[in-house]
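Each of the next two complexes has chain A plus one other chain: chain B in the first, chain C in the second.
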Partner chain A sequence: MADATMGRTARAPARREAMVSPRARRTITSVVLAVLCAVWVYPIVWMISASFKTNNEIFGDTGLIPDAPTVENYARAWSEANIGRYFFNTMFVTVGSVVVTVIATALMGYVLGRRRFPGRGLLMGLMVFTLFIPQGYTIIPVFELLTTAGLGQSLWGLMLATCGHSVVIFTLLFAGYFAQMPKELEEASRMDGVGPVKTFWYVMLPLSKPIVVTVVVLQTLQAWNDFLLPLVITLANPDLRTLSVGVYSFRGEHFIDWGGMNAASAITIIPIVILFLFLQRYFIDGLAGAVKG
Partner chain B sequence: MSGVTLRNVTKTFGAVKVIKGVDIEIGEGEFCVFVGPSGCGKSTLLRMIAGLEETTGGDIEIGGRRVNDLDPKDRGAAMVFQTYALYPHMDVARNMGFGLRMNGWPKDEVDRRVQEAARILQLEPYLDRKPKALSGGQRQRVAIGRAIVRDPEVFLFDEPLSNLDAELRVATRLEIAKLHGTLGNSTMVYVTHDQVEAMTLADKIVVLRDGRVEQVGPPMELYRNPANLFVAGFIGSPKMNFVELSSGAMPDGTPVAQTGTARTLGFRADALRRSADGPLAGTVSVVEQLGDAVFAHFRTPWGQELVARFDPGTEIRAGEELRFDIAGPRHLFDADGQAMDAALRPAA
Partner chain C sequence: MSTADHDIPAAGPRTGLGTRLWAHRVDYLFLVPGLVIFGAFILWPMLASQYYSLLDWSGFDSRRIFVGLRNYRELLADEFFVAAFWRSVWFTLATVPLQMLLGLVLAVILNNRLLKLSAVFRTLIFLPVVTPVAVIAIVMALMLSPFNGPINDLITGAGLVQRAVDFLGSPQLVMWSLAGIYVWKWTGVTMIYWLAALQTVPDELYEAARLDGVTGRQVTMYVVMPIIAPFAVVIGLISAISALNVFPLIQATTQGGPFFASEVMEVFIFRTAFAPPSGTFPQLGYASAAGVLFGLAIMGLTILQVLAVRRTRRKEPGHG
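After this line comes the complex of A and B, so read on.
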């Protein structure tokens, strides 16, 4: 690595002279990134804009600024289309699945990362193997399972099923992180007369905060935006619909309420955006830490 | 307060025997140092006393109680780790009080003990800092404080100074010696690979090699009367000079008086005196000026590097030809490397 760095500094001046000046290069980079960014953000801006337009204006091609901004779409989405109810359902599923997922995967990761036991390799192999099975193939068995457990028609069932999506990835994240922690920490705690459960709760879990935050964010996104699973589970029970499924229901038989759908979509993404604004630093640290570890 | 007794203790990791039958008696209030080269099993032995490693064979007693099957927390021992092992997310006070609080001690009693430990270790200004914001020496003191608050019968130290820089190491070494005085009659077991630490701290040194005890005794006893070649070479700085003998003569044929059947002659650097007609000749290769002493490394006619100590200020240059008398204590070792009868040594 030292070689590469030295080679670069030695050769860089000659190359830089031949090309554009550093400032011009920065400007070009910024412009290119700005264009890419605009392309990326455009659909969201369009959605927000459309949510303030009437259904007629949406097709009037009036540009991004609504001629006569209206919040009517939001009112309609919230009350008539039952978005308020869906909002609660989504919240329940998200918060519940985040709590369950964090606790379960941290515990599993702790054991897999720090304890040697017979069959550990096999277990991890099997877990990784499940990553290769597409969700579509497991959704019916999962539904079966929930029905057998008597949870097929309840929010609790939906919440539990939602926990399953990334359990393997999260467990491996925790396992990797816990595996690289020095064993002296646990030993010190053992000498202090602190049992394994308290050691996990008061020493190991707080130290894995970067991973906890990562798992919270990823699981929140997953649960909040999940579509296929809640669609299947709530087919027979519209009361249990989540936002993503609820938004889809604006598509009527003969008429699609684009304004309402966009308003509902905007309501849907607001909490996620807020969450990300608050947690982005920890989140990025966590991912960087996980990759490094 | 109580001593520690190891009786024919063994330890195997898988098929590898790491501790091969160790007997050690550590008296109450004694400062005992396990010293030996890296990998000889010092840490393993200490961790067995702590209860962090299971004992494969033999008995470990603390205060007359057999503790082989006791949990670490029930053994009355506290350990200070080489890496400090502080809880990074807790401040100094919480680090020290964590064990007590988790075991349901009343908060004001925990606070009192933490304050007391902080006073002894001069950590009072740092009680609300995280370990990250402390220097290496301060972290080490916190680790010691965490042991003190538990008021253990036995303190166990595993190379507590090896992560500190040279200057701090000397200072902290003194602190630990003082601490042993302050804490009166607590027994301390201290592991190091550094024989200087062992010499300066110990009431009793246990020299370990490859899972066995080579010699046990007070520092000066080991220095003056090493039981074998290994101890002779390990204890003391610079290392003792060894010369192979055959039929009472050095490799160049110079006879050495009163060596009997000895195979190896040992003498320390300060046993050599410059003498124009001495039996030992050499060409100076390197001169080390230490201020309070001058060490001259010289090459013998048969190509061995030996070292002699001179008084400060002595002028010696590399390349000089010198002759020496072995005037100080001599050590004789038989073919198995065991020290031979002391009677063969002339009085120092």
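After this line comes the complex of A and C, so read on.
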């Protein structure tokens, strides 16, 4: 094997990396990567496996395959930890905030990117200035505002506030994208007697699909992973907890039930992982759009 | 400012402001939803925080007493605040370079189209990114547990250490452990950013370099790197900002402990405002002042980075 490799690359200069054929190098790379990836996802695989084990078995040295697989942890997590309810809450906040965010930021980005209206410079300046404001800076007034508006104890309040996290970045992404489009687009539709709202909805928004995908992906990740805001809003109201906060509280309340915790964790990650596996291309294009845009 | 490029010729610069506002009425209508969200959850909280930072205010229902800059003076003398501030800086410096380097190496390897399984590897490396921090906190508490945790079993079994290491329970080790967990969780995103940057390298360049007899490693070092280098500033900025906002991971994993050893800025703010130690009152004004100082520091960092971007842009060929 080694001889054949040497023979095939004999013409190449005698550098160390040229000693091995490209194909053999790729195989070696693949093996190294496979080992790395196995280590990389081991904690998650271990967690899924532990979710089928009894509490005693988890800390016994039994490897990844449970001796006597049990779904009891899942039943306990579902009933005691209220995971079903948290699941619904998370879906509501995620889907709602994605819809609101996409529409609001696309509209605002469209106007900022294509119109020279009075006040545009001021608005752009304000937005850039607040681009990287940390959540710790805004959380107290946000909580107070929601309470004053009567939304401090509601999923709607949580959903709306979740829209706020990245509204500036998303708007700027849309503005940059819309600004590059030819201005004949609106002229053509005005000639045809199409109103501005229809032009936006049927012409401009479909054309900005790459940015829409980026915003949907980033906002989904944001909402599903969000922690500080739901934690603060649900401190006094456990019924509104999202999965993240629910799993966190489960740990605080049942701190020795590791089997239940792992089952609750598995329930939390399974939907987002499935979503990711199916929409992987969009996730990757979406994130890539954030850097290129 | 010329108005020649927009689509409402009637609203030239010489027309009155009222006319121009009216001419753009549909635009303003379009702005409403975004402005409501931006105003309510970004702009107003920013301004309000600055006002609250001047108050002695213990709890949302209690009286607010104006105390001027007292909160700021006390903060700068508060060892917990100062420690938390530098801990946030340390955390950023410890994680961002490692995360960027690891992400870059993975991206360069996985960018090879002939590598058949690269999509599978990419997916696996991305998996921790979509795993919520509350889950990661539980998994890592188990993984790193000093009582029969798999990692301790491994290193004691291999004879690397005599006794089990308490990765998350030791004040000396906890920040390093958290930095490691953080890099593990987020490198997948950095890798995708670098892969996006690599897409901007034209195929012809690889081809040309290969025909010139340049080796793969040389292509990467001398052809690809200079092209994607400008992206480093943007990726670095995004990574630094998220490392400064590490609240979820730390609150979920250690809650700032043990003995405040992992209390970063936002954990400090959360504790002061929403989860005061039993027997004490929340200090909303004090926490707001901490938030303002932290926000100003991040803004300073952002401005520095923007200046850096401008400088790299200017250095590009064609701009002298």
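Just a few scattered comments:
Assume the second predicted complex is superposed on the first by the 254 of 293 C-alpha atoms of A that agree within 3 Å, B and C clash if a C-alpha of one lies under 4 Å from a C-alpha of the other, contacts with A are read in each partner's own complex, and residues count from 1 in each chain.
Simple rule for what comes next: contacts are C-beta pairs under 8 Å (C-beta built on N, C-alpha and C of every residue); 3 or more make two chains touch, one makes a residue touch a chain.
Given the structure is predicted, the values throughout are model-derived calculations rather than measurements.
Of the two partner chains placed by the overlay, only chain C lies in contact with A:Leu33; chain B stays clear of it.
In the superposition on chain A, A:Pro206 contacts chain B only, with no contact to chain C. If you count the residues of chain A touched by chain B and by chain C, you find the higher number for C.
Of the two partner chains, chain B is the only one touched by A:Asp192; chain C is not.
Annotation: chain A residues 187, 190 touch chain B in one complex and chain C in the other. If you check the complex, the residues on chain C that touch chain A are 1, 3, 5-7, 17, 20-21, 24, 26-28, 30-31, 33-38, 40-46, 48-49, 52, 60, 109-110, 112, 114-117, 119-135, 137-143, 147-148, 150, 153, 184, 189, 192-193, 195-197, 199-200, 215-217, 231, 234-235, 238, 241, 244-245, 247-248, 251-252, 265-266, 269-270, 273-274, 284, 287-288, 290-292, 294-295, 298-299, 301-302.
Every residue of chain A that touches chain B in the complex is listed here, in rising order: 182, 184-185, 187-194, 198, 202-203, 206-207.
Looking at the complex, you find that chain B touches chain A at residues 50, 52, 72-73, 77-79, 81, 83, 85-89, 98-99, 102-103, 146, 150. On chain A, the positions that touch chain C within their shared complex are 15, 17-18, 22, 26, 29-30, 33-34, 37, 40-41, 43-44, 46-47, 50, 58-61, 100-101, 103-105, 107-111, 114-118, 123, 126-127, 129-145, 147, 160-161, 163-165, 167-168, 171, 183, 186-187, 190, 196-197, 200, 221, 224-228, 231-232, 235, 243-248, 251, 258, 261-262, 265, 268-269, 272-273, 275-277, 280, 283-284, 287-292.
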